[in-house]
Structures are given as C-alpha cells and as structure tokens.
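So, here come the structures, one by one.
Each of the next two complexes has chain A plus one other chain: chain B in the first, chain C in the second.
Take a look at the complex of A and B:
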C-alpha cells in the first residue's frame, strides 16, 4: 500500500465515521462532504478522472448542499435535543460490525483480490463520450428521462399545497 | 503497489459505516445520507474492479458508476423532498415519531 492511499483512506473513513457519529446534523453533513471528496480522490488515484470529477460535482456540490438545506429547513430544537436510543445504537453497531467481518473474511480469503496493479488503462473523456453516444446511448436517454421525472417529482412533492387550497 | 484487496477492504468498511448510520440514527436525513454512503461504497468497488479487471478499455465499470451516481442523485432529491413533505405534516424528522401514514 502506498502512502497516498493510506492518507486518502484515513481521510475518507474519518470523514464518513464523523458523518455518522456526530451529534449536530449540520456538522454531520460537512464531515460527509469531506468523506465524499476523499472518495473522489480515490477515483482519481485509480485512473478514473471523469468519475472523480463527477463525484465532486454531484456529491460534494449538490447532494451535500441539498442535505444542508433540508436540515436547515427542518431545524427543530425538539428533535436535536433527543439523544439516539442506546439499545438501538448498540444493536446497529453489532450488525454493522458483523457485516464488515463477513465481507472482510470473503475479501481476504479470495484469491482474485490479491493481484497487483496492472498498467494504467486509458479512459479519456473522449472515449467515455464516444461510448455514451454509441454503445450506451439508450441507457443515457433513459437516464435523462429519469432525472427529468425526479426533478419534477421532487418539486411537486416538496411544494406547499396549503396555499392552493385557499 | 496497492492491491485490489486494499480497495475492497476500504469499500466494505465504508459500506459498514453507512449501514451503522442508517440503522442507528433517528434523523431521517441522516439515514438517507447513510444509504448514500453505502451506494458510494458500491461505486468504489465498481471502479476498483474496472481498474484491476481483464478488459479496462471497454469502460464498463466507468459507465456503470456514472449511471449509478445519476440514479443516486435522483434518489437523494426525491428522498429529501419526501422528508420535507413529511416534516411539514408532522413537524418532526425523527423516525421514531413518524409512525402514522394518515394524512
């Protein structure tokens, strides 16, 4: 393992663990943005530049900001003051540790996962664009339809209907 | 040199952190964020297998990750707007108190 991988792994795990563990919800989302940025840098390290920049644009730029807005719009002293229940916390952590133990055992015992890095494959934006426009054009169109439907649906669901009823 | 194993272990750790958050937090927005983290761990697996797999020039792993990120963005937008609508109705985002489907 290289030093850069270790630094990025520690950054990502610290950011995501803080996002799931901190008490204040706004702090959680800011720590989450750090974790998402760490994952984006891991993509860059793996040679997937386009996916790394997409990750920064979509997750750090859009999803984290959207979550901050949602938390601020639903801010309520009553819900912030309540601590998470202790027994549910212990049970959830036991389940998560058990899942990690099973996954880690499967990964370590597998012979396929021990191989070292092959030479860097070329994945330029031009190649990705060509693939999107030829081989993957149908999924791309369906994705555009899905995003349009999700955009309209999100606006309709979040709209305040009490004003129209008057 | 990094091996595939280190990336897979990191991504399973991220998945477990997201699972722990989704199971233990009571704020609905933070549960949604935990689910996003689990999706991200799967994306990291796709990219790692693309990088170490037999035919990286076909770009299948990258394409799957791009589509997966778009679907996750749509899911986050719709999920957060559902939480906003539920908050407007019941004045709380606490999952333990959202125990009624009646409008």
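Take a look at the complex of A and C:
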C-alpha cells in the first residue's frame, strides 16, 4: 500500500460516505462525483488510462450532471433537504455490512488474492482499440445498436409529449 | 552540423535545456517532483500572461470594430489596463448572497480554473515541450473538459438566483450538445493518425513534401473537421455568437451573476484559459501543432509557431465576436443536432474512404464532393420553408 493509494482511498471513501450522509440532495451528488473521481484516479494509478479517463468522462461528466438535473427538475427548494428516518439508517447499515462481509470473504478466499505479486498488465489504449475492433467487434456493434435504439426512443417520447400539449 | 544549425537547435530547445540545467543542481530524489512543479509554473505564467494580453487585445479590437478607442488611459496606449483590472478585482469587496450555499459557491470558480488549466498537461507547446505524453492524451483532454460543466452547475445552483440558474441550465445544455460534435470532429484525426497521443499526432504532421507541410487541415476531411471543431469550440467556450449562457443583455452574465471581485475574475480567467486550451487542441489536431508552415521556416523556434497559431485563432474569435449577433436558444440547438452532428458523422465516413483509396487526384475529388455536397444540401434543407426578412419589433418602433 503506497501513500498515493492511501490518499486516493481516503478521498474515495470520504466522497461516497458524504454522498450517503449529507442532508442536501445536490450536495450528495457533488460528493458522489468526488467519489467517482477518486475511483478514476485509482484506475490511473493501476496504469489503466483508458478506463480511468472514461470513468471521468462518463461518470463525472455525464452521470453526475444527469443526476443533478433530475434532482433540480423534480424537487423544489423546500423538499431539497432529505428526511431522516432512523429505521432506514439501521436497515441500510445492516445490508451494507452484510454485502461488505460477503465481498470481503469472496476476495480473501479467491485464488486471485493468493498471488503475491500479480504481473503488471500493460493495457494501452492501442490494445483496447485492437480488441474492440477485432475480437469484440460484434458485441460493440450490438451495443451501439442498442444505444441508438434507446436514443431514438427517448426522442420519440419527448416528441409525443409536445404533440399532446398542443 | 554547422554552427548556425546548432544555434537554432539550441534556441528551439532553450526552455527544455534551461529546465534540465536547473534540475541538475537538485538531488535525484527531488528531480521528478521539481520538474513537474517547474512545468506547471511555466504553463500557468505563460497562459495567464496570454490571458492578460488577450483581454487587452479583445477590448482594443472590439473598440476598433465599433468605432471607438477602447482602453487608452493606463500606460502607453492602454497597455497596463490588464494590470489595473487585476488590482481592481483583487481589492473589490467579495459579496456572497445571504441565501447562497457558501461552500459550493466558493468551490465553483476554483474547480473551473483548475479544470481549465489541467488540459494543458497534454498540449505539445513546442518540440519536446509537453508536460506528460500520455498514450490517451486526447481522451484526457476531453475528460477534463467535462469537469467544467460540473463547475458551471455548481456556480449556477449555489447562487440561489434565477438568473444564475437559468444561465447554468443554458450553459450545460449548450456544452453537452456541442461536446458531441467536438469529439466526433476530432475522431477523424485519431482515425488517420492511429494514436490518441498528442505528441504522436503532431509528429505525424511535422513532415514536409517539397515546402508544404502534412497538416491534416490540408485534406478535405481535415478541413471539414477543423471547421466543425472550431464552431463547436466556440460554443463550448461560450463565446459570441454562442454566448447565450452569459447573455449580458438578457440574463446579466448568467451563471456568475452573483459573483464579484476576485471570484468573478477567476470565472473570466477560467473561460479564457478554456478557450486557449480548446484552440490549442485544434492546433494540435489539425494545424500541425508546433510545426512551421513551410519547410524553409523550420529554423524559427517551434514554440513561436504554436503561439503564433494560437494568437491567430484568438484574433479570429475576437473578429467573430465583433461581427455576428447572438443566436436564439432553438437556433443554437438546431445547429448542433441538425447540422453539426450529421456533418461530423459524414466526415467520419469520408475519412474512411480517404484512407482506403489510393493517393491521387481521384481521392481528392471524391472526398471533396462527399464533404461539400452534403454541406450545401443540408444547409439549404434547413433553410427550406423558412422566411428570412427584416424583423420588426413591437416596442422599439
């Protein structure tokens, strides 16, 4: 565990913890964006530049903005503060601890963690590009088609609404 | 190597050599850290100075275009005006609205300036003058650019003012819409260069056949890509004619309405620094980065060419600002989704065809037609059934 890993881990955990604990919904999203950025930097520290930058581009640049917009469009100023209920807190904590325990047990008992020094894989952007364009070209195309269909669907829904309003 | 050639080479590398010389006095353990600090300081000083110069140039240039003098009181020909502006913004009172969200209100300008400076890490300013040569450099640039949207939102939301919120919504809608053509327009270069590294892209363009350079802008797809990139870059940096998010006359400076003093200056700085960064990326992708425009001019230092190109683009920005009126919101969105997006997609196809056709005259004809004809058809298609006439206003006549 290097110093930079410790800093990034603290940043990520603090960001995501604040996202759960803060009262104001917009503050929560901003804190979550910090957590996303921390995860992106962890990827970068592992030498996965493509994944790291895509994480920033997609999660910080798009998902956080989308969440913030959704909150802003649906809530007014007064209901911005979230209600706190202790029973939900307790239930949430139990679920979180249970999930953490299962994941931790799975990681500790898996064969991957037995290797002391895993070989450093050099995943350059070029390799990822080659893999996407040769071996995984079919899944890529299908995903592209799916996303296009979703895009057209969203446009159609938005257009229907306008007709009704007229 | 002759004496003269050696001298020009040293002049070209003067900043690199100076940095090496300074670092050689330090212990080895400290060298990577100090090298990074030195490069960051150099970038911040160089581009902050350019920012000061540009504000003066802009006010002078706009003044000329509008038949007035522009600033001419401070120093000779108003040359110290940026300095006076800086002192003014530092000494002004920092007003935060009572209902504002103080923490977010404070962090927004800081994040904006930090994000806009980070893009320079991958811009090759001269030969061997790049801070980090990442193999995903272009991706890094666009990822950092997307952080600015978050900063704009933070500024607009935390002010708790309707003008700020309106400005932020407009700005984010505009930035997201134009990010799509911006990225797609630069993909053509990545396709042709086969690399995401900015250094590799510039090195590919810095060769010559005869006296002519191999800049990507001198190909049909490169020219179309450059034009589309620059339009999207203008919108991305909220410059006129796409300055609706600020729109002084309608929503009084948009998302930074409630900022004053130095924080306002930071927004101003962030916006210009972001504009320089996007222009620098356009230079890197299409205009050959630091390479000279003719092979017989290569003796002039490489950083000179980068800044010469940057200043040319800035002048064009100022010229456009003095010439074109502001667009309406629906016109802005229509341009992005109905014209820019189809054109960038077509340009991708053109680049593919260019790549697989044999070099020669035929390739030029086919690819030029593929760019020009759809552009004209799309333009006239969008104009179809729209009447253009002199607008009459209810209250002004």
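In the analysis below, the second predicted complex is superposed on the first by the 136 of 166 C-alpha atoms of A that agree within 3 Å, B and C clash if a C-alpha of one lies under 4 Å from a C-alpha of the other, contacts with A are read in each partner's own complex, and residues count from 1 in each chain.
Just so we're on the same page, contacts are C-beta pairs under 8 Å (C-beta built on N, C-alpha and C of every residue); 3 or more make two chains touch, one makes a residue touch a chain.
Remember, predicted model here, so these are calculated numbers, not experimental data.
Once chain A is used to superpose the two complexes, chain B occupies space next to chain C without a clash.
The larger set of touched chain A residues comes from B, when the choice is between chain B and chain C.
Applying the stated contact rule after C-alpha superposition, one finds that A:46 touches chain B and leaves chain C untouched. By the touch criterion stated above, A:133 is placed in contact with neither chain B nor chain C. By the document's definition of touching, of the two partners only chain C reaches A:27; chain B does not. By the touch criterion defined above, A:62 reaches both chain B and chain C. When the two complexes are overlaid on their common chain A, residue A:152 makes contact with neither chain B nor chain C.
Shared-chain residue A:10: touches no atom of chain B or chain C. Aligning both complexes on chain A leaves chain B and chain C separated at their closest CA atoms by 14 Å. Within chain A, the residues touching chain B in one complex and chain C in the other are 50, 54, 62. Touching chain B in their complex are the following residues of chain A: 1-2, 5, 9, 12-13, 16-17, 19-21, 25, 28-29, 32, 35-36, 39, 42-43, 46-48, 50-51, 54-55, 58-59, 62-63, 66-67, 70-71, 73-74, 76, 78-79, 82, 84-85, 88-89, 91-93, 95-97, 99-100, 103-104, 107-108, 112-118, 121-123, 127-128, 131-132, 136, 139, 143, 146-147, 150-151, 153-155, 157-158, 160. Note for the complex: chain C touches chain A at residues 101, 104, 134-136, 139-140, 142-144, 146-147, 149-150, 153-154, 157, 165, 172, 176, 195-196.
Contact residues on chain B toward chain A in their complex (touch as defined above): 1-10, 12-21, 23-27, 29-30, 32-34, 36-37, 40, 43-44, 47-48, 50-52, 56-57, 59, 61-63, 65-67, 69-78, 80-85, 87-88, 91-94, 96. Contacts from chain A toward chain C in the complex involve residues 24, 26-27, 30, 33, 49-50, 53-54, 56-57, 60-62, 64-65, 68-69, 72, 124-126.
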